[in-house]
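My questions will all concern the structure given below.
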Amino acid sequence: MRRYFGRKLLIYGLTFFVAVTINWLIPRFMPGDPVQSLIARANIAQPEVVEAMRVRYEGLFGFDMPIWQQYFNFWGALLDGDLGVSIWLFPTPVADVITRAVPYTLGLLIPAILLSWVAGNRFGAFAARRKWLDNTALPIGYVLTATPYMWLAILLAWALGIIAGIFPVAGAYSYAMQPGWSWEFIGSLLQHWFLPFASLFLVAFGGWAIGMRNMIIYELEADYVNYLRALGAPGRLIRRYAFRNAILPQITGLALQLGVLVAGALVTEIVFSYPGLGNLILQAIQNQDFFLLQGTFLFIVMGVLIANFVIDIVYVLVDPRTRAGMGGAS
Amino acid sequence: MLKLDNVSKVYRVGAFGGRTMTAVSDVSFEVNAGEVVSLIGESGSGKSTIGRMILRLTPVSRGAITLNDTDISAVSSTKDYYRHVQGVFQDPFSCFNPIFKADRVFAMIKEAYFPQVSAADWRGRVESALKSVRLDPGQVLGRYPHQLSGGQLQRMLIARAVLLDIRLLVADEIISMLDASTRIDVLNLLADLRARGLGILFVTHDLSLGNYVSDRTVVLRNGKIVEMGRTELVFGDPRHPYTRSLLASVPRLDVKWIDEPETEDGDAAGPCPYHDSPEESRTRPGLAEVEEDHFVACSGCADHPPQAEPRTLAKENA
Amino acid sequence: MSLTVTDLRVYYRTLRGDVKALDGVTFTVADGEIMGLAGESGSGKSTLGKSLIRLDGRMRHVGGTVELDGDELPIGDDARMDAFRFHRVSVIPQYSMSALNPTRKIGKMVAELMASRGVRLEPAELERRLDLVGLSREVLDRYPMELSGGMKQRVVMVISTLLNPSLLIADEVTSALDVSSQKAVAGTLLQLRDAGLVTSMIVVTHDISLVYQIADTIMVMYAGRLAEKAPAGVLVTEPRHPYTKMLISALPEVGVRYEEDSRLSGIPGSPPPLLDPPGGCRFRDRCPIAFDRCAEQPPFVEIGPGHSVACWKAGE
Amino acid sequence: MTADAPKAPEAPEPPEATATPETTPEPAATPGTPGAPDAAAVAASTPVREALHFALRNGKLIAGLIVVVVLLIAAVFGPMAFDHGPNEYVGPPAASPSGDYWMGTTMFGQDVFAQFLYGLRATFLVGVLGGGLAAIIGMVVGFVAGYRGGWVDEILNMLTNIVLVLPALVVLMIANAYLGVRSVGLQALFIGLTSWPWAARAIRAQTFSLRARDFVDLARLSGMRTPKIIFREIAPNMSSYLFMTFILLFGGAILVGASLDFIGLGPTEGVSLGLMLNNAARWSALQLGLWWWFIPPGAGITAIVGALYVMNVGLDEVFNPKLREM
């Protein structure tokens, strides 16, 4: 057990290391004087901002220092929690900007991931039961999972927001309101939350449903199913067993899909101008705010790694084989 | 010709090779030209591992395997080695790449070893090799593996081996997956090859097959030799309880098990007949020569690691 | 009369047409009888074994009837057959090692299976039966992956016979085993019958010498049809069908050694294709004593007590 | 995007499943005559012809193929029908679809249909190049790791896992954001470099199981060297699987590319379906009700990727006898 988690943690540690290194490396690959060109591209009028950028970049890169020293300085700043100052929202520290946006992204992502996973798996298993259902549900699943997140978001916004006028299509709450804990405000939050959530949910749902359907079909070919059938066990029992066994790879699949889901949430936020990390990234790109971009990137990587670890723990709790195998019984 | 000298195989198990597992330990025997040696053992006895080590498909951990007094691992080119040593395996269907025609196994040999031979000449050689294993070339050439029977495929593999200038053939369970009606014919082929001066190592778990064709027999258990010698002696007068219990487990058509008295258990660790005292057996373990060309590991001193399935089953049912 | 099979035909559906894997077999198995069903690959023995309990997707019941203790088994009707499965007919499959749900503890799986069939299971009875095959009751608290292959096979033997079926089909249960385990498994099969847990048994195998050890009668199949059926001793010592004769003489018995001038030999040729089998006796092409009349299919007739043969020359 | 990656035949990665071929000393048992279905005794036609037979009768495969081919033809030849570039201002602004402009015009009077056809081109290009590169990396890593085993496998596995947990699109955002000038080729390169890991894993698992087959040993006994064995014995055996992997990578690359374009990190020159969506969203096509501006590009992407996925299911049914309907 310790060995298993040790291995996983090693991989996550290395991944984080790689992510930070990418962050450090990429600006250095730019041709010419990176500091100069970054500042030039940022296209900023205020001299104090330009100065702050120059100081920070030179401190970070420190081109007169040996390369390893530059690299260690970069890590040092990072470990101090110092992600720099946002250019776009000068002089707010990047960490603060991110902290403000995170709750919105998590509020979208977590329910969308969990609900689509549960509902998709149930639906996929259900569709595998009957031929006609399989033949009708399957194409819908494929269309859903092939849909780019942002396009479904645009369609929903257009149909339910603009044409039907049921849901608002921009922001996280009505601009007329002050954030607070009033029912009215919460209602507005939910109203704004629904469409981005729905588009994330639907695309992911299609993927899970198809995955589950395929898994179940393979499971129903397994020897233990044949044996149960030969003993006349009712379909209910067989399906229950097949579902239980098929759900395990779907948990692993969840870990593999996290990055894609996060990316989906980012573009969906952009469509709805939802004030989460996706919007931050868009602003950072448009304003050439590289500190914000790097900070957001690191934050997302961290989040994905933590989520992966949580899924690992869940997997061990759910699959008896991993427990039996790790308990040293063999 | 082929000589194994205290050969051992230790596998590393676990993620970073933390644990080890000994599959073969201190095995020594010889296979001479014009001789069939059968290597008998149950699953997990290490018999296939020995075959794979001789074929250089897995490295030797300790000890040495020599072919005509040259250490086989010293032959730098495996290609040269395989010119003289070839193998045939248990599952003929798995030996053929299912997406290619079956005669590709011959084409591979030609490509590697006889690139200069003309196509017509090669075809002649292939056909005569096929005839030597009693196959009709017209029936097997140009077919896909799934269109042929296990017996036909296995014979093609033997034909493939004899296209080369082989001295030694490792036949690993080559008939256990064949139908009863063709088994014996493939077994007879081994005798034909022996008559041509080849040395053959016949790996099997079936004692009656080993007895039928071999000159010498090596009985293996948990990676160790328990008994070996001339086949008539080992089968006619088995000394080790394990060999005896194996023999008694072979289903036969002349006796029924229920009519036979319960045989002794292979694990019986009675007084050792070849050592004077348990102390001596501990200090001087190994094989004792009980008569000319008949060696037995004494039951008292052979340390038996806890056996897996087959033994416990027999005991619990007794 | 426990099992009566009459003119059973089961075909496999393939792209190119029906493969006549089981083409008209008629036989009976008596109460308390262990019948060995021997044959080579492609003989139809596995098809026969399977069709008595569950036809797989590609198999089609074409004709004939199966009667068990006076009731007709609806073998072509998967749903109606469920009532008979487990209660009256049961199976020890060839794939015993992987027959158990990997993510359920054995005990729980057994309990759920029994509950799903509406049977109350006495724990004491289950334990008694585990004892019988030499398993401790701790296996009930284990997952299949924690058991060895042989233990799993014995667990399957216990589960399959829990409802004391009239007929048990053991499908190639020994074929992947070493000699010593084969002997133990065969012994367990005998015990199941002797303890009255199953009334009669069909042991499907390719190994005549093994099945001879435990069977009362042996039935040999060839190319989808019956060749010969006789009491085990008679079949082995006085086979009448040329195929049986050649098969038995091709077995290297313990003690038989290769000799240059008197070596054993197999049966030349190969079985006919079952997609479009030739008429008449299907062994004709490989048979050393075939004659003109073999173009006509020989009937499967009784020539001695419990001894039936499908060969025109069997009487000679 | 790869929710339906062919993970089905592959067992969930068991935590301790690091057993290399070296650690499995001997076959667990020595099987006797296989209980192969009795029907197998029938001689069948060649594998290729059999696959073709099922392929021609597989509705999913045919339907998917038709959609992909029609769109591909449109992408290759369609742009030739215009004497103007996709971004030229040729018509009245914000015109709805008409006989002159089949898909209407943008707010600035660009021909949406022309943009759509040019965009399809870029989209296919990103899919083929990005998916192709990812397939090549995945194959190399998967084959080597699966065939060699041991510490080589350990290291490649580690690398695969690292790239696997890094959220690809977010890495691509960072990389692209720093680039001043971006091209379709560069985008495809980056996508290829980040989207191979699941393919490598799947190929590794397949290689691992094929490697244990005796024909690999026989090839070694025939004097073949490792690279040759991989390419001539192992790879052909999983060619259908490799093809299916490529299809999924192809679809995945298209989706990732479209997302990047949408954020504004697409190619700086030309047009792509994602870029069209980006423009439509940026210039408030939604609020203005210019539905013809944002529906075609999204529908185009969905059609290509969806058709690829459906094709993949069809192929799975063709190559996997268990899934075939008789």
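The first chain written gets the first letter, and so on, giving A, B, C and D; residue counts start at 1 in each chain.
Methods note: a residue touches a chain if its C-beta (ideal position, glycine included) is under 8 Å from a C-beta of that chain, and two chains touch if they have at least 3 such contacts.
All values derive from a computational prediction rather than experimental measurement.
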| item | value |
| --- | --- |
| Chain closest to the middle [Cα centroid of all protein chains] | D |
| Higher-contact pair (C-beta pairs counted), A-C versus A-D | A-D |
| Geometric centre distance via CA averages, subunit B-subunit A, whole Å | 56 |
| Distance from the mean Cα position of subunit D to that of subunit A, given in whole angstrom | 21 |
| Euclidean distance of C-alpha centroids - subunit B vs subunit C, Å | 31 |
| Where subunit D touches two or more other chains, by residue | 16, 28-34, 40, 43-44 |
| Set of subunit B residues in contact with two or more other chains | 15, 43, 179-180, 205 |
| Sites on subunit A at which at least two other chains make contact | 3, 7, 248, 319, 321, 325 |
| Residue ranges of subunit C touching subunit A (in the complex, touch as defined) | 53-54, 56, 81-87, 90-91, 93, 95, 98-105, 112-113, 116-117, 143, 145-146, 156, 159-160 |
| Complex interface listing, subunit D residues touching subunit B | 16, 18-19, 22-23, 25-34, 40, 43-44, 46-47, 154, 213-215, 217-224, 233, 236-237, 239 |
| Subunit A residues within the subunit D interface of the complex | 3-4, 7, 11-12, 14-15, 18-19, 22-23, 26-27, 29-30, 37, 41, 138-139, 142-143, 145-152, 154-155, 157-158, 161-162, 169, 204, 206-208, 210-211, 214-215, 217-218, 221, 248-249, 251-253, 255-260, 262-264, 266-267, 270-271, 281-282, 284-286, 290, 293-294, 297, 300-301, 304-305, 308, 315-316, 319, 321-322, 325-326 |
| Complex contacts: residues of subunit A adjacent to subunit C | 222-224, 226-234, 236-237, 241, 244-245, 248, 319-321, 324-325, 329-330 |
| Residues on subunit B engaged by subunit D in the complex (per definition of touch) | 9, 11-16, 21, 23, 43-49, 55, 57-58, 78-79, 82, 86-87, 89-91, 93-100, 105, 108-109, 112-113, 144, 146-147, 157, 173, 176-180, 205 |
